[in-house]
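What follows is a short report on a single structure.
Letters A, B, C and D name the chains as they come in the text, with residue numbers starting at 1 for each one.
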């Protein structure tokens, strides 16, 4: 469990609360998780709907009441969390602790912050409440295989993104030279925006080349973007396959010859025949001993 | 065959009709399948063409006559199906039974439903007839390998989609804060629509960022969308490869040593040499016995 | 060589011409190929440029002269081809023969066809000349590995496209019901065009949903399109990997035990140890014989 | 190291400067690299910002001063580079040497070139400075695995791009025949631009078909583009997987039987048991000898 370092000593009320809130082994803890997920999703939905002008005008007071309801709930939950933890301050500085605070902070700030009545700040604080959605990450689980594959392909995907950025810069500059400003290529940054839109095959069409030469170059950018998507996909596929395979192999060295690439279920070293499973005796030795006794 | 649980006892007329309609082993049954596929495709095409205003105005009566023709055909076919089945009610509640009913229901409802003359209901009932296309699923076959791979990668593709939704929500909120409402970012849901259009590289361009900061963030969203497509592709590729490989291996344990990862055509355990094929005798024992007799 | 069945008897002039035109082993034959590729590309380029109104107005007569030059060249080449072939009529009915004729037909037809002066026919004949580009397929070579992988994944990619078409039809009908005709969703075929544009992540934006419900469904279509691209990619990746691996294995059965999956360089059967290479003697037998003699 | 062929004799000042500039083993050399990367990125950013009209109007003199600062820095750096190299002229003709010159040339040219005051030339020279970004390629490192996989899949990806171009040409001509010029299909090149935009799933929407037949063909182009992306991805995935695997195997032939596909850590030939590691003695021979002495 990822919160084990905060776990209080066994047997107390705090331990039992801890188990309900931070673990998910018991029916009660599972129920708590499901209710919490439901409340988080509902509260994010309310934030979204409140941002629609028509709905805000019609149901403004209701949204505010609901919002205070969610904030009080999350605040109470955070207090209980801190109560049952061994090192509450350390939790508050952890990733999940910060998100717990971010989930309630905007509403409280709107109350106490001087000048929080200005439109910009109100809008900012309201929107920040959406980040509550990150609380759901706690329930996503580990996905070890995916994370393993991402970590190992990370360097090559960084190289790929770096190359993509360089291609975008170069082609953006070329098209900036060729296309007139009226077509939207007013500056290199604007052209970079166009090149990114084109190379990633998004293709808004708000800026598009109008000269034959510019269109030829943009066809080239499209074909490059269309083909090089194969690179991260290929790298990541290879890493996922490797992760699946690595799952089948142990890296523990054989005590006989040091070979360290055995299938996990192997019992004898494939290289020198040494018995690998140190917790049980080698049946070959048993066979030899049994008849003698 | 997927309808075997409904198969009546052999030798009767019902059995012969069952074989024509539900199986595809005999030439007659194959012919029936091909004619049925043709009729379904034609009837869906007619529904589509009827929805074109110009065509409906010109050939309205013809469309209605054709539609009644198809409905009577499908109704007759459904009655014959129910006649030759062991448990007709159970079939009606199965997936294919429901689709059979949905294929004819709208036309009959238009006749009997009070108020079915209102424009909205007429349009609804007419369009629902398109769902007839689902009847073709019966002929698609199993595609076991694909379904196996999908099932095994399902959890990770769900994780991926969940992450994509979270990214969409976060970036939509950011751009909603930055971009003016005039550019189309009128609410968080509208911004979510834009973020989905961008991250999936669809890129309609009906809503597009206009501020430099908004454009920078949208370039980031594009690059993320362009790269993370590698994730489901990699996961699914790995699973297809694993399915193909798994097809070659049996998981039956060797009676000698318990090893359970043999090629399906293996006859001796690759670990202890035990004879694996229990239906025929081990040739090594035969060799030993033959000379002795 | 793919044209070997048309090859005339050796030693004659026709054989030597055949070798230059249809084969590419000698320097002269390679030179001929390169010149031909150059002429084909140039003639296609001329057809393209002639279609630009401004260029046609300015250089019309030049384009016509060039076109007649290409047509006479290709006609002469075709006549020489037919002269040096064993079965010219059979060649004319083969894929490459048909393309050779299509490459020259439009220009000759424009001369003799009554009514070929009408604008539509002129435009048609002019544009058809572009199909000359297909002549280049003769030089592409085999790409056996790719074609092997395509053939084996063909059935699953057909299943995939069929599923995509069904998804497009269903979602198009749903959005046709929801969205107003003013937004472009005037009929089911128009909605199908929109759904295809969205699901394949092309996203022109000429038709885009305007109601919140329509936008929600279109976000769903986008996410589906974005994810299921993993299916053909995964299937094809797996088949390419299998093709590469199959290249390493022989399917010849072992004469000893019938096992038919050996690495191509294997010399002993991996199952029963029988000597596999029938053209040379087994070194083990040699070892036994040598000391005895 | 990629610049080793230019390395001067050891021990001199030039060697020490060489190590700082061209290598990255010492803390000083690493610091130099980081500072240089920072300066390159900053200077490219300045070029980009200078292209924004509003910023150029407001901070024009500052941009010019910064630009001269960068140019003098890069010029000094290039002179030091040439000073400490064995064969400076050969370096100037190498890839990295050319980029070093291109990085400073535009600014110096603007000073000395007659007519460099004309707007077009100024814009050209200013924009060319962006190519400085290519200097970062020196720091990208080798990415051997990716480059290996790219090289080996290069021929098949070329075949793929060739097929894509042929498809684009054919479909562009078809749609050019069908669609009216008013929809933007004014010539075959314009239609090729549209077909490329569609097949690569970019989808600007600046040109889009308006007739039902044209829309049907464009749906076909979309589905083809959506599916065949599987081809380069599959080929490249397979090659990356092969590269990773090849990394694990040695191709050195066994001195006993000639088998040439051993894991790199293998010590005995998997086929004939010969000791493979020629730098150390075979432990089996040692075992036999030890007891005798």
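To be clear about the criterion, a residue touches a chain if its C-beta (ideal position, glycine included) is under 8 Å from a C-beta of that chain, and two chains touch if they have at least 3 such contacts.
The structure presented is a predicted model; accordingly, all values stated were derived computationally and were not measured.
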{"item": "Most distant chain from chain C by Cα centroid", "value": "A"}
{"item": "Same-interface partner of B-C, chosen from the options C-D, B-D or A-C, over half of the pairs matching", "value": "C-D"}
{"item": "Distance between the centres, which are taken as Cα means, of chain C and chain A, whole angstrom", "value": "41"}
{"item": "Centre-to-centre distance between chain B and chain A (centres being mean Cα positions), rounded to whole Å", "value": "29"}
{"item": "Shared interface positions of chain B, touching two or more other chains", "value": "160, 189, 192, 201-205, 225, 229, 233, 235, 237-238, 241"}
{"item": "Chain D-facing residues of chain B, complex", "value": "201-205, 233, 237"}
{"item": "Of all residues in chain A, those that touch chain B in their complex", "value": "44, 47-49, 51-53, 123-124, 127-128, 130-131, 133-134, 136-137, 140-141, 143, 145-146, 149-150, 157, 160-161, 164, 189-190, 192-193, 196-197, 199-206, 225, 229, 232-233, 235-241, 244, 265"}
{"item": "Of chain C, residues touching chain B in the complex", "value": "156, 159-160, 162-163, 166, 169-170, 173, 176-177, 186-189, 192, 198, 201-205, 208, 212, 215, 218-219, 222-223, 225-227, 229-231, 233-235, 237-238, 241-242, 259, 271"}
